[in-house]
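Look at the two complexes coming up: chain A is in both, with chain B in one and chain C in the other.
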Partner chain A sequence: MTDGPLIRVENLKKYFPFKESLFSRKVKYLKAVDGVSFSIKKGETLALVGETGSGKTTTGRTIMRLYEPTGGKIYFEGKKITKLPKKKFQKIRMQMQMIYQDPYSSLNPRMSILNIIAEPLRQLKVENIEDRVLELLESVGLSKEHMYKYPDEISGGQQQRVAIARALAVNPKFLVLDEPTSALDVSVQAQILNLLENLQKDKNFTYLFISHDLSVVRYISHRVAIMYLGKVMEIGTVEQIFENPQHPYTRILLESVPIPDPKDRRRKKLVLPGEIPSPLNPPSGCPFHTRCPFAKDICSEKEPDYVEVENGHLVKCHFVEVMK
Partner chain B sequence: MKKDEIIRVLKILIRNKLSLLGIIIILALIITALFAPFIAPYPNQAKGEPNPEEKLQPPSSKHWFGTDYMGRDVLSRVIYGARISLLVAVAVVSLGLLIGVPLGLLAGFKGGVVDAVVMRVTDIFLSFPPLLLALLISVTLGRGLENVIIALAVSWWPWYTRLIRGMAISIKEKPYVEVAKSMGISSWKIIGRHILPNAISPVIVQGTMDMGSAILEASALSFLGLGVQPPTADWGLMVSQGKDYLLNYWWYPTFPGLAIFITVLAFNLVGDVLREILDPRLRRRFL
Partner chain C sequence: MNVLLSIEDLHLKFRTFWGTAYVLDGVNLKIYEDEVFGLVGETGCGKSVTSMSILRLLPSNAELSGKIIFEGQNLLELPEKELRKIRGKKISIVFQDPMSSLNPLFKIKTQMGDIIKLHHNIDKDEALKKAEKLLRAVNLPDPHRVLESYPHQLSGGMRQRIMIAMALSFEPSLLIADEPTTALDVTIQKQILDLILELKKKYHFSVLLITHDLGVVAETCDRVGVMYAGNIVEVADVDELFENPLHPYTQGLLSAIPDPRYKKPLKPLRGNVPSLLEPPPGCRFHPRCDFAMKICSKKKPKLVEYSENHTVACHIYRRGNEK
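Showing the complex of A and B:
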């Protein structure tokens, strides 16, 4: 296999058409994802971070073609999958699986754990299904006793483990993790994160980790992309983003993480004013200028290009050099 | 597993005493219907044999519910009437489900043109008052029990289609359906394994309650002379024939009327408790 990235996304766009009112004929577009580019190497975790409505989940779903992209290209193992016909894409889609935020709704409540995990195995015509299910259950830290239970008879953490086991059943290479821990208790969150980390080490999985929880992101990912209104504002390694944030939005996000030491709290902080603007009516120029404490005239007029600060550390801001 | 399930259901039933009563009434009705020839004191009169010596006798130890205008034992005829009523209830609802459920699943899951066509057809059926439509079909087809069943089923299925379509639409958006799709499971398997089992509970509840309504409407059609023909014993028909005698011979229409009332009530009570029994999310709470 080549050393190229497992997943490469180029200028990905997903617009949802909508009508302004029931009677208007003009169709407008909600630009949920607007020109996102990144690549993920094999065995690497890229975190997509952003507020609600920033388009991070849509990005994940569009990569799996659960939404058809409006524009841009997606490559999987160097092969372009954006225009692949459904039947051909199916084989590749099997290698991309998604783990959902709410584990309960990702499991059919009328099926036993055995049947839930066996469904993809039967589809693949695997033999000795029960043995294989048990193997999968054990690989996610569950045991035989869980096999005949139903989703509502096990805890949220266990449900998420079952969902992971089912995803593993098809031997995927790439997993989209859509806030996989945010519906769980903190103690259980750590267990699931460790499980995901160990699985990655064992099987060299590639993750796209969608989250808004910065402490979780710092723990699990190798690289981080900060999203705002459908655009990536800053992308870099965990160290680059957390130790040397360049974009004002990233800096504000990082400062908004609560600090345990009360003495530190007196330090003056940058606070993000207001709400994220509606993606139905995005601001002109730099999408962040309406809330940016450093905004100048140019910000509302011209959309900034990416500036490479360090190797692989890209920032979308007019004033990167100045702020240094 | 199975044992736990039975215990859970029993616990629900013990908490819902009225529903338990409903189940007992329905079981009693089924037994009555099955063994009518052995239970009815005058099986021949129930089948229509006149008994002119004992016309319109009030309730007595010989005739517990009195006798009708041809001297036939009302109790025996009410017992035989249970057969017709249960047959109508089961036949109408199953036929309605047989037509309505597949159409609703298809409409909800496929969406688009299929959905639009199916829904407009249900709209046409639902735009008639239900009894009026059944009446219309019944008149067109002619008298007789089979025609009443067909007429009622035809006017009934759109309700199930609507109900299950709504459920199917909400369930097809669930992540587990999305996962199944992404794993290449065929549409038919997704409908059968994921959509139907999760969409069917409210339909079963509705269907159970509808058994009562079907009996009521079949009785109404009989009352209007469209259903079962004399001398067959049928509750609706008996009420119809007895209505002229209500003031002087109250027992004649009252007992078959009571039978209708109690049966309809029982089906409604059972429908209520089924809702709780069928909800998988409530399962753990009672174990």
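Showing the complex of A and C:
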């Protein structure tokens, strides 16, 4: 199993039950993640991209089993972890870590940076904790002077570095990065992106990078999955998605990204009408048909299957061939 | 082109528990009629507070000095009663978070109707008719339903459209948009930015667009001012700024942003934004600047004209301009 993917997700589902009113008996389900499949090789970055409510964060959390999946299978290094009992899973979870969007709220304000990073080390009964913390701080570009500070005494970028150092303390193999730079300014964002990239080169980390920012995704990822209403609409390498997007949603999403070049302004662009439908009441058939400029009758009746347009480039649309 | 608003040597201090924060340090800028002026900068650079100063919507611990000239009047010297005739009418503002700008307890029709009724001196029915017309102008489908809704029943994009409709109800000559799309998804952001440009074309007002996103600037603005730690460090036409950035900070920002079209190496700026309680002396950017000279830590550079429509505040360019 050395050459297999580090993480493989098959038909992953996460439904949240809800009631339409306080007293109704009927329980409905919000299908936050509805049949997502992908795999990530060792040392690779897969980006999960989508708008608010597309289910990208839920996917990340379900893989970590922070939410128990409703259906589907998750494999870590070829081993199925979906139904693993808690005790056994804990050993595997240690190799999977998560970094959140807001670094400030993910650090305990009453603990010094030293204690924040030392906490997992104490659990593991590591010796010479201070030396190890310093080593971790240096690996994320911080120094000894930060060790005795508290989270509110350092900047947002530095807080995110501490969160990364803490995640690295347990020697993980797989990191779920949930919008790790969206709370940061652009100049600091570049620092963190470069740090993540260098760490990956050094230690061969595998990343699941969750983001809504396509410019960042273009920079950091090797492969990209575009999500819409709990489903992956298109998946492929970063070049396939950005240079040869096939799904109408991907194409319009890419056109909506503001480009830091005023000369680009004069180009006529597709604009996506309307807004993402409520996942409480998703459209029938293809979930995108309500906003799709190319929609035909079949789109509202039948959910499209994946079509492989190039090697490893899958598209969930009835009209992939036609659109070419 | 005529100057619509001109800010001259604006200084702003906040007295706080920790000491005095020197938030604006001599801001100079001009906004012309019928243009979109972008003000960009990172968190804490003073871009929002500049717009709040224009409307004098500042907390009581603020100390403001300088001049803000609008239609021949200095807004900073105007009595509150006179200012009210300008605030919200000739200059209106749209904020970042459309949810917190609307009162969650009242229907849209009450909130829009009240304001229109008050300022236009018309009765309720007429006010509602006008509200409906405004909602149509911002391309909201089914304005009737929108008027009968509470804010939480509407999406972020719709709420921002309502805010824009309210801002436009008195046909302002200046619309301040303070990060109007930061809380929205990219596809909705595109819709809202297109809407602002479309309305501007129709009603010929100027826009002061405050943003941290250089992509948004490139797509919407005519001229741009770059702010850093309470100073405007560079002002230029949008094409000129992206093609020929002069200030080391502008150059640094442009090389730190990823481009969605291709993968380019990112060069982050080193260090962090300085504390405004103890800003660095001289040029506030000098501790992070790769080209810093001796003079940079001693003397604050003035905003000087480098070429036509391109001004920059940096000692590097001073010599070439001493004619």
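Here is the rule we go by: the second predicted complex is superposed on the first by the 318 of 324 C-alpha atoms of A that agree within 3 Å, B and C clash if a C-alpha of one lies under 4 Å from a C-alpha of the other, contacts with A are read in each partner's own complex, and residues count from 1 in each chain.
Convention: a contact is a pair of C-beta atoms (placed from the backbone, for glycine too) under 8 Å apart; a residue touches a chain by one contact, two chains touch by 3 or more.
Remember, predicted model here, so these are calculated numbers, not experimental data.
By the touch criterion defined above, A:Met64 lies against chain B but remains apart from chain C after alignment on the C-alpha atoms of chain A.
Of the two partners chain B and chain C, more residues of chain A are touched by C. Of the two partner chains, chain C is the only one touched by A:Asp185; chain B is not. Applying the stated contact rule after C-alpha superposition, one finds that A:Phe242 touches chain C and leaves chain B untouched.
Shared-chain residue A:Pro17: touches no atom of chain B or chain C. Within the superposed three-chain model, A:Met98 lies in touch with chain B and out of touch with chain C [touch as defined at top].
Once the two complexes are laid over each other on the shared chain, residue contacts for A:Pro85 go to neither chain B nor chain C.
When both complexes are overlaid on chain A, the residue A:Asp152 reaches chain B alone and has no touch with chain C.
Chain A residues in contact with chain B (one complex) as well as with chain C (other complex) do not exist.
By the touch rule above, chain C contacts chain A in their complex via residues 42-43, 155, 157-158, 185-191, 193-194, 212-219, 238-239, 242, 252-254, 256-264, 266-269, 272-273.
Interface of chain B with chain A (complex): residues 1, 174-176, 178-180, 182-185, 193-194, 197-198, 280-281, 283-284.
Across the complex, chain B is touched by residues 64, 66, 90, 93-94, 96-98, 100, 102, 105-111, 119-120, 123, 148, 150, 152-153, 166, 170 of chain A. Chain A contributes residues 51-52, 155, 157-158, 185-191, 193-194, 212, 214-216, 218-219, 238, 242, 252-265, 269, 271-273, 275-276 to its touches with chain C in the complex.
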